[in-house]
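Before anything else, here is the set of structures, which you'll find just below.
You will see chain A twice below: alongside chain B first, and alongside chain C after that.
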Partner chain A sequence: ARRGAAQGSVPVMESADGAARTMPSIGRLSRGPPFGRAQGRFGLSPSGRLLPPTPRSQENADPQRTAFLLCKQWTLYSVTPLYGFSNAHLRDYARLLSAFIAAEKQKGLAVEVGVELDIKVAVSSLPDLKGSDQDQAAILVQLSLRSPASPKTSEEKLIWSGWFCCVSGDDLSENVPEDFTCLPLFLANGAESYTSIVGSWFQKTFDCCFRRLAISPLNLSWMAAMWTGCKVDKTASAMELVFSVPCLPQPLDISYAIHPEDAKALWDTVQKTPGEITQEEVDVFMDCLYSHFHRHFKIHLSATKLVKVSTAIASAHCDGIIKFLQSQYLTGVLMLLTELAISQIQ
Partner chain B sequence: HLATSLPLPSERDHLRPRIDLIAFMIDIKSKYSLKNVEASLAHVDASFFLGKVCFLVTGVGRVNCCSVEMNAIWKLGEVYCSPLLFCELELEGIRVATAQRLLRMLQICAGHVPGVSALSFGSLMRNSADY
Partner chain C sequence: MQRRQSSKTPKQPLQVHYKNQTDLSAWRKGGRIDPEKSVQNHQSPKDQKNYSKQESLELALSYFEKVQDRVSLKKDNVLQKHLTTVESIALQRGLPPEGFEILLNVALSGKLADTVNTHLLKILIPASVIPETAVVSSVSWLCVSKCSGNTQLLFLRWLITVFDFIDHKEQLHALYGFFFSFLQDEKMCPYVCHLLYLLTRKESVKPFRIRRLLDLQTKMGMQPHLQALLSVYKLFCPELVTITLPGKMKTYFKNSEGPWKAAINTVRRRNQANSPVSQPLFLGTAQPKSRKRKWSTQLIIPASSTNRNYLEEDRKKNRVDLYSTNESFPVEQLQTFSQLLQNIHHLEFPSQMGSVLTSPLLLHYMNCIKDESIYLRLYYWMGQTLQEECTWCVADNNQYEEEFKNFLETVYKTECFLQEGFPSCEEFLCKSLPLWDGFCCRSQILRLVSWIPLSSFSEMKSHICDPLAQLFFTSSLYFKCSVLESLKELLQNWLNWHVIHLDSESDSQVHSLNTTLSGLVNVVAELIHFVGWISTVALRLENNHTFLLYFILDFYETVCDMYLRYNLPLLIMPPAGVFYPVLLSMDSVSLNQLCYIMYRYRTNLVAAKENELSKKKILQFKFSSQTYQEYNQYIIAMVGCLWTSSAFQKDIHPQGLRMDDELLKKTKVQEFKNSFNIVYHPAMMGYAVLFMQQAWPDDTTFNFSLIKGKKWNWYLEYLYAQGLKGLKVFIESSINRVSQASHSKA
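Up next, the complex of A and B:
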């Protein structure tokens, strides 16, 4: 091991008398190696990243099948491997989950009071959403409300969706025993109460653990750089970066909008090797944007916290919220998010 | 003495006591702090890098707010042959422990600990991080 003052994701600090003590468990502060598969060494992030090529499965895929995933706000979670999960039992899982939700409703933990809620659960597989052949096909869970007025008609309103996926998660799936299924990324859209009920059922049934996946400013700047380089057919929307200014009595947010063509032109001068991005290139790209801003407004954006990145491809918020805007880059974005989820698990 | 950047203003040079240790503070939540430190390093006399400089990296408890790429920080320690201390100022225990460490280092750099020089201590600190 060339470097690392620490093993694992908790830094070990030497105190004044030379004894090594681990940092105390800091509940509200975040843990874990910054961006990238640091493999237990504190602070190592990848110096370069390969741009995802279009996976074979997606070339033949019908974009209509995944169109419903676009333009929706998804909250991100990392999920540890599921024990005893099988693709063959999806209908059974739907039935069991439905019973669980009904039971929770009885207990009074469900959402609304006074309205007879008939919630239908559907669990299906999305085989197109994977990166390599080793990846597990994505699993989609949907909760729909059957109209109480006319239960005979199959009029159902989708009230909550959540899906598990794994795109190019070989790092994780290769190291996991047989009975485990690796679907490290979970995305949810809908009321938080349903996310919590569905999450508890999965945690109980498959002995896994869900954790909110936050995105650091470092990771967000990677996304900004990667997505700026992507080609879009129709007129792209402006690239927007939102910064939060710390240490002020009143919170202040700065929104920096950049014309997409200018951003792409800048990125094209920075990126050297096609198909690959290095940390240096991301730094140069962001520094150019920051110095441009400083020249006009005399504000050092590098001293603020980057909280949101929006491009024509997707938009991402540091609280772990993502919106996919282009189906052709869906897998590419998922690959990056899978990587973040895996590094949070490890 | 606390300063936001170097060089120190020349007006007070004659009133300033001898400087035994320079601790550069880098907040991983602020890219600007890294840039500031890099710029200030250019104003430090080379003799300080014989054990009288260290980098104090703060904010390590908030990995989800990390704006600085860690490789850059490791490289800084390597290039300037100076130790890196990691801490989280928001936690009192760590704050106190870190202060004690710095105080100890300062005692050594000021020559108050017999038998241990700043240079030997500095190389000891660096080697222990590279196992």
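Up next, the complex of A and C:
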């Protein structure tokens, strides 16, 4: 099951999808989920993926507008489709959320909606973060602290931010009715207590469910392979893989750093079809790295657990934490994460 | 909520209460309004006494109506007398509606001493309803403050207690602003909050009132009564105000029931009326948190709260003004089935669909609404919750097994209520059964299995059946029995579904592959073959345990009747690995059950054959000749065993009992031929012994061969009388007694 679309074929794919989407989906007999069930339903990984297409950002998006998303640690969540969400009401949502935060923080005291509160909430749309035209525009939520000393000045300190996004999530968005908004991936940066308040508000208001999105070692190895193949302009930092050794009284982590050019050279010998990766290629790539390590240190890395991958593109931790480093590959990484999020909610 | 309901249908409580005939007008007419009551009255020796009581109450009321100046209680015996009259009647039977206006006017006008006013207020026990006009006029007395502060407080407390007895509330709602203005009185504030809490409707919530309440909150700090009122405001207008209630809080209002509650209950019990029951607070916003966990934890089923799609609503209002009066009924207030019926046209689902799981009323509602998004919302929530909270799939979750168990229990009950499985559950089972130890939450998981929808079974068979079979073979006898039980329920649920949808199917154009009749037949057949297979293996593993046999036969009791009871053109015989162990079992209960099952197979097959022959057109489904053949083989074996003692010769089933005489002689069993007939069969021999003790009490040789001819028939009657009804219907249907008469000696 190869998925995604190479850059050149996007328009064709979209028109075909568009035709398919106009077909009514009400013909289902059971009241079950409307998705196609065959794919990824039981947590199986696809046997192959297309490489993240060359980012769209070059065409119509200004990398500056998403630059603030880079070099920050984001905690990943999957979110089921939001019910009754509308892009037209973002300002209202900000007012309500800000009152909700105040009410949560001072439990028992009522808060009027719309008045100026200590914590300012901004909800806005990030139209650049999209994979296909069917994707919803990403939604950014920012909490900032008004400085109590000088309320008049516009000086605000950003204390928490989080964003919902969907990059090439057609698998999901094609199949849900109109009143649902598919933004299956949520990323948060800031204190967990704020994530919890904001998340609860969304859960209550749009009847959705948040779940931490962990990244399995298998998917981490996919990331390692995919990101190795990406071109980066400036001299890139080393690729680093962190493994944790199980069943030890004391935790033991093994860090394995590879020069990016060596890794790229290895990958180029493994990959057969440009622009496309298969599970087999990923396995071969990792096995090569493992056997190289074994030759030097006599340690079988295949018996350990891959917990972290860092490359010049991004770094990802198995606990579901990600840091984006290259704005041009932002959507590419988000596409993979969207796929993982969708497989967790379906 | 009672108050809304009664304001919408103000007549209803009245009608109810007139039947109980405790109002003054009915008294005056000597109870002739109600024939039943009048008969009672005539028969009652207390009739005369009642009449005088009613007269004295009338006198007392007209006294209070006319009383002018401040009369002192101590000096005035008349006042004392009338007060006593009113009190004794009030406490005994409650006061009639007409009494309230008079007595409230006196008590609040300040004409009499404060002790009298207090006394009067304390005995205002309604017999049926309280007229709204009485309350309105007393509010106007309140506004001119002729009475003391204590009396005012007492009046408010009284009003709160009897709120649900007031017959109409429209005018009272018009006085909302007056009540609101009393908030500034510090003493009255808690009670006024409670009253406003009862009175508030969506249109009462205004920004200026919210600001006033917030000012009070700033002045007085966190007060439970303010919190309660503000949360009602939030309930109606979440776009204007919000509040998070602290979790610990239990009571929000001071107890205002005072001296009345007990008296009202007594009166109600005596009058046996369906008086309104005061509704519990619906401040369900604070949930009990049993544990501290990550915020996104789903296991706590959300409290039912109104959908917050107000923004949407606003937009619609602007566009079409017609709908602006169309106010939706907050789900928090939904408490009774009659409320559901009255508000079903403007009910909204809660903001979090998960909360329907704990609300049977909403499940009723859900059952009659055909909206895809409802199911989708529930699907997402439940799917995520099951996966996240599964105690054996997620590490560190195992200490929460009890909670997870309860959750699964709730889900199962909901499925039973809706008579429908949830797709999220079936996906959960697919994902988690391969990891299941067969122990954790066993009965809950197996019960969920019984609700897997038929339509997806073939697709999921390997995900469900393979892990289940593995556990089945390696687990205890009791586990095996539980699996068989839940598979039987699964089959029954499918068959019920099929019967119900048989009619609607024809007019629906939608046929997915698995819901066509042939698809259905295939899936059912697959399940039955699966059960046949695991049963055969289990019987070998468990040495044909009787307990296990019982559960297997229970399953086949459903299978053998599918054609006639469920209108499904499918019959599948049990495999030989099940049939023969039962036929030769040591236990008469199993044998009897097998006889019954074979009798039902026969009935079904005969009916199918008749249908086939009578109908000219070619039926879409015919039982394969193999089914008839198998049945015939079994029946030959059975009759050969139990009746003609020729099983070893006549059994033609490839896995049957046929044996060479040479081989049988080697066993050195004498008279091997009849060793499985109804006399010698190990399951029956006990009956034969008892029968012989009764028939030949002096014979101690137990010569079973005596049971023949007439005695054979007696023996049969004896067996039937012992409760072997299955044997009875089997013999009566499958054995031709006339032609078999000569064999009976064998």
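Here is the rule we use: the second predicted complex is superposed on the first by the 288 of 346 C-alpha atoms of A that agree within 3 Å, B and C clash if a C-alpha of one lies under 4 Å from a C-alpha of the other, contacts with A are read in each partner's own complex, and residues count from 1 in each chain.
Quick note on the criterion: a contact is a pair of C-beta atoms (placed from the backbone, for glycine too) under 8 Å apart; a residue touches a chain by one contact, two chains touch by 3 or more.
This one's a predicted model, so the numbers in the text were calculated from it and none came from an experiment.
In the superposition on chain A, A:D283 makes contact with chain B only, not with chain C.
Once chain A of one complex is fitted onto chain A of the other, the partner contacts of A:I345 are limited to chain C, with no touch recorded for chain B.
Within the superposed three-chain model, A:F180 lies in touch with chain C and out of touch with chain B [touch as defined at top].
Of the two partner chains, chain B is the only one that A:L218 touches; chain C does not reach it. Looking at the shared chain after the overlay, A:D207 reaches chain C, while chain B stays out of its contact range. Residue contacts after overlaying the shared chain place A:Y77 against chain C, while chain B stays out of touching range. Touching more residues of chain A than its counterpart among chain B and chain C is C.
Of the two partner chains placed by the overlay, only chain B lies in contact with A:A303; chain C stays clear of it. Counting contacts as defined above, chain A residues 26, 29-34, 42-43 meet chain B in one complex and chain C in the other. Residues of chain C touching chain A in their complex: 210-211, 213-214, 217, 222, 226-227, 230-231, 233-234, 238-246, 249, 294-296, 298, 302, 305, 307-309, 311-312, 351-353, 372-373, 375-377, 379-381, 383-385, 387-388, 420, 423-424, 427, 430-431, 453, 455-456, 459, 463, 508, 510-512, 515. Those residues of chain B whose C-beta lies close enough to touch chain A in the complex are 28-33, 35, 60-71, 73-74, 84-88, 90-91, 93-94, 97-98, 100-101, 103-104, 128-131. Residues 1-5, 11, 13-16, 21, 23-24, 26, 29-35, 42-45, 47, 214-218, 221, 246, 279, 283, 286, 290, 300, 302-306, 318 of chain A touch chain B in their complex. Chain contact summary for the complex, chain A toward chain C: residues 26-34, 37, 41-43, 77, 80-81, 83-84, 86, 89, 92, 96, 99-100, 102-104, 107-114, 176-177, 179-180, 192, 195-197, 199-200, 203-205, 207-212, 345.
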